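Note that the chains are named A, B, C, D, E and F in the order they appear, and that numbering of residues resets to 1 at the start of each chain.
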């Protein structure tokens, strides 16, 4: 049998055997979105996939193919749709995609599903998509499916944040787009795709506490980097990854009795 | 600059530069679907991506992330949804996904889009999704976008089919699911994921010329392999791949004046 | 009691009596689409209705009203939407229509439903519409409904093709639009609506193995006839009709135990 | 050239010639719905089609294929969905169908469209469908399309109602389901499908001024006839038809300057 | 406990107690729509809410928040969307809103739901929305929910109409927009918002018996008042309100056994 | 002229005059949702409406009717749908509602629209609804509409938080459901609807950093109050209201040049 946590690499009998044995399935919801001049459009696919791969190994789980297109990027959290390369779905579409995939997993006998948000704007559509899938599964008699939904970046020890930032300097989750955290993780996971010397110095973004249509000129930094990416290292990425894997593994084990 | 044809590996300024220079963008529509006991669930992602990668190198193009979930598998062409691991979208959902991605590419300034079908059942939803995107782009003033849609397996020289099959033995495109052609291509592209000795002998499928709901017991072969996969080799995969790349390259160059 | 196989001609008690007695119901999905200068816009309604009428008489069935609007015509199979008179539905709309009608029949107690494709582009939307109806019926407890879906033109003896075409001259199902087969059948069914002397000689169409948006000038023949209609006769239509009726009757009887 | 007002009977060049000459197109929205034990399920198709045929001859118009499935029958106006044979669409579906057909006609160059309601419950969905089509056509630059929407039964001279009913006995449009007016018209148009001796005497319906879910037992008369059909004659049908044709013709001429 | 019939004014334990005790819930569907120069945009919210409040007191019921946006105003019944201030929903949207609210009430344990139409154009979308909710509730096992739907203005004694109008002068429900009935009711319910001296004399509207797109210049009176509002008084409003409350109360008690 | 900032209280000519003079329009998106045993289901309507009323007076604006139904309550931010009285819309429905209202305002000539979130879960659906409306308005030529979207609770001076909470005791926006802030504001705005002695002591909620389906028993506090409401006073509500009004007024004036 192929030794892989990636669902796509298994044959159907291998997959079936793991599901029957109670394997949880991780579904990452990524994006194709600008991440500054120093890191690639695929960040929101590479990172959650890497996290899920590591957690899946810890818990005997499987990693479903990561969805590589996500909800429209918003100016205050990802720079917005005007950046070249940012290629997104309408929210209604994403809700249906999440509903369909989760529902298909449930119909297939998967009892433990973990939906991992890899792109900020996917968070709420995922909630609704799961809600709709859960409702449909209940109507069809699949009433013992349990589903978890999480943002991987929420699983960090406070001490790690302190190691990464001077006190009070953490820009917050939304501004951490293409910045120190994501860049460090990318330098760990796909160092070949980061050119750290291209990290710009035009941030951090100064957003008001509201959205505005049409997006004003210069609303987001021209580079697309919302906070600062300079100082990113693979070592820092390792600190973060260790936390993500340890804390998500613990949560999954606790919730699913693994 | 990163030397990659994969859009996900480029930063947005690198992507923008290529688009401004007129690069065509290839979007493969794959699936997560059973492909027999000898090959993995990801066949319909690996193969069109591999074809697009090679063609893109020939024409200076880019490969957008392959959609890893496709339209529901039908019993006569993919074994159907009842196979474990087959994890699919409703047709309405897929139409919207294709509309959104193609529309987003068009809004981003891409003038040459090639949608490559990697999963039989994606063919018609892709047509409709492109139609809707094209209509929206026209309404928004993007009226110089040109879009091509193709099934990669249609691009084979007749002579190659003759080398692969005894006369009159070609089972047809629909039955070629997880069989000689797909398996040979997988042995070329991802030999680590094929266990050819597990290729079953329960085919070829004997389908009537109609569909039936509910799917009768034993309608598709239990293995999920519709024709025969035995005899597949990487060499044969190479013959096919050479044809796919040469013929699609020629068509793309002709249509887009490259 | 009115002696009719047409549902529309029966009163509701007459209909109810037939359904209670186990009558299968045939639903044709037609179109309003150009069929060349020599045959009318209604071909895709007249032909499947005529086939269903004859089969229904053989099996004690009923013919539901034929849907006279179908999925958008595509250039490679019907000339495309640009032809005057071609008046079509979006695919999403057609899917919902099929879902609704099939679901309504099922809720009404019909246990045997045969959906007959009368327009090439209706094939896949019908699959999805039936899938959705079947899912809904199951959720509502109607779990003994059986549904068949077929393209009537697939039910031809090879020998009949040989009588109609010189060896290797059969243009294929897609190109057989407004051509020898459809025209001959029309000359059998509605000879008053065919002007065979207007059959053009601008075919056969030379299509590439892909679709293209926007449709290039001259992509389809100007006449809308994809292969050749000359030589069509009612006699040939009779050969085809005999096959359609005999083979579909046999399949329906076999599947539904009639 | 075929001498027909029915669009389905014309070839596309014949259709194109008429449209270029300014022909208005009539689209009837019918239903498949119970109409009592004495008249057939197709009443709401036969009657508006017959009216449109006659009006079209007066104004040089064309009759598009009548939609044979309509919005769900409601207990107070058509007996409701529980009657066998009543086979209907969800309102959302019908709205999209009307949008698509009207939009397709408009895109094809038709400038004068008359949507004729042949089934009470189609009235409001048609309004919305036309609204959506009109909005889309405007967005696409088709800004000289004019659309009329009417219920054919509204076009009756008061004197004719007086000839048909004792004073104060007109049950009202809603209760006139499968009753004197529809039955008389059917005896004119399709006398072969009416069995007047089966007209029941269980009406008229006594409905409250509200709807109720679930429909109470015995809410509508068991026969499905809401008022009285006895006394229907083809002669009376003729009075009505004459009014419908004369008054609709006058209205169409006045609105479209014909 | 707060003594209020308004659901919004209760805490959840207070609400729960009333629902457990069998309280019916009234849901009004209003609009934001022009009502002439003499009365405010909120008429279709104020009036049904006032009716429901009074009926709820009679039957121990609760009044859910009135929906303040309704289906698009049509020229023949509300002047149409072109009037400033008329701010409406697409029909598809309203159907979903009604489905969702009714379904949420049903899931919450409400067994008696009365949907009250406060805006003419909401009538049919409400029927469909309730239909969809009822279907969903049945699928989810909530099979003892009973739902009533009514237009409040239908609940008037004939004698009251005779007091309000000279014989044969009642303009009919559709033309009674912003006219004598609605204005009198407003003078009862919110006299501070009526300026009766601004009631125009440009009516009554002279509509044809059909709709037309685009709406012709001068189709509706410029004031937006379809019949005559002059002569409105709070006293007349009182006659109407008394009827509405008495007759709806009686119907609700009869249907729900209160 | 009626002196009111509430759109519903104006006649259409009064509304038109204000819009022509450039008045901004505020649209609050509320909910019907449990807010503990001490405050009513309508909190998310009363509060944003009160804020908008006060801001509108400062900037010469109008307040459109507040939408009283919002997106489904989630356990971690509002206790979830299982609480009696929480009566919500699917996200897809809410998106369409927001799209329709904003689009209708834009078509009516409103150039300055401020969408105010009054219910946590409405935030993201509002973003998408505005996006869709903005796209439609652009397609229809309304290209000078400017739209702002804000959560009113984000507009607080840090000093005010310090007056309200001991350092480090602010539970965060999500947990501030039915707690000190909302309750204090309610005691200012609708003191008659608060019973502060019923404020429970079962909080604060201890949520994990993820969602889970089905919601575990005891996930949210039984009272529905996520943090602590005790100590709420109208005076504290006044501090908050003063901040909301001053800061939102300043932002609106700055963005719209008022």
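The criterion applied here is as follows: a contact is a pair of C-beta atoms (placed from the backbone, for glycine too) under 8 Å apart; a residue touches a chain by one contact, two chains touch by 3 or more.
No experiment lies behind these values; they were computed from the predicted model shown.
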item	value
Comparison of B-C and E-F by number of C-beta pairs in contact, larger one	E-F
Homomeric contact chain A-chain F: same or different residue positions, threshold half	same
Equivalent interface to D-E, taken from A-B, E-F or A-F so that over half of the residue contact pairs match	A-F
Where chain C and chain F are represented by their mean Cα positions, the distance between them in whole Å	54
Interchain centroid distance [CA atoms averaged], chain C/chain D, Å	26
Inter-centroid spacing, chain C versus chain A (mean Cα positions, whole Å)	47
Contacts with two or more other chains, residues of chain A listed in rising order	90, 92, 139
In the complex with chain A, residue positions of chain B that touch it	2, 6-13, 15-16, 19, 32, 34-42, 45-46, 64-69, 81, 83-90, 92-93, 96-97, 99-101, 104-105, 107-109, 192-193, 195, 198, 224
For the chain E and chain D complex, residues of the former touching the latter	71-72, 74, 90-92, 95, 121, 123-125, 127-128, 130-132, 134, 145-151, 154-155, 208-214, 251, 255
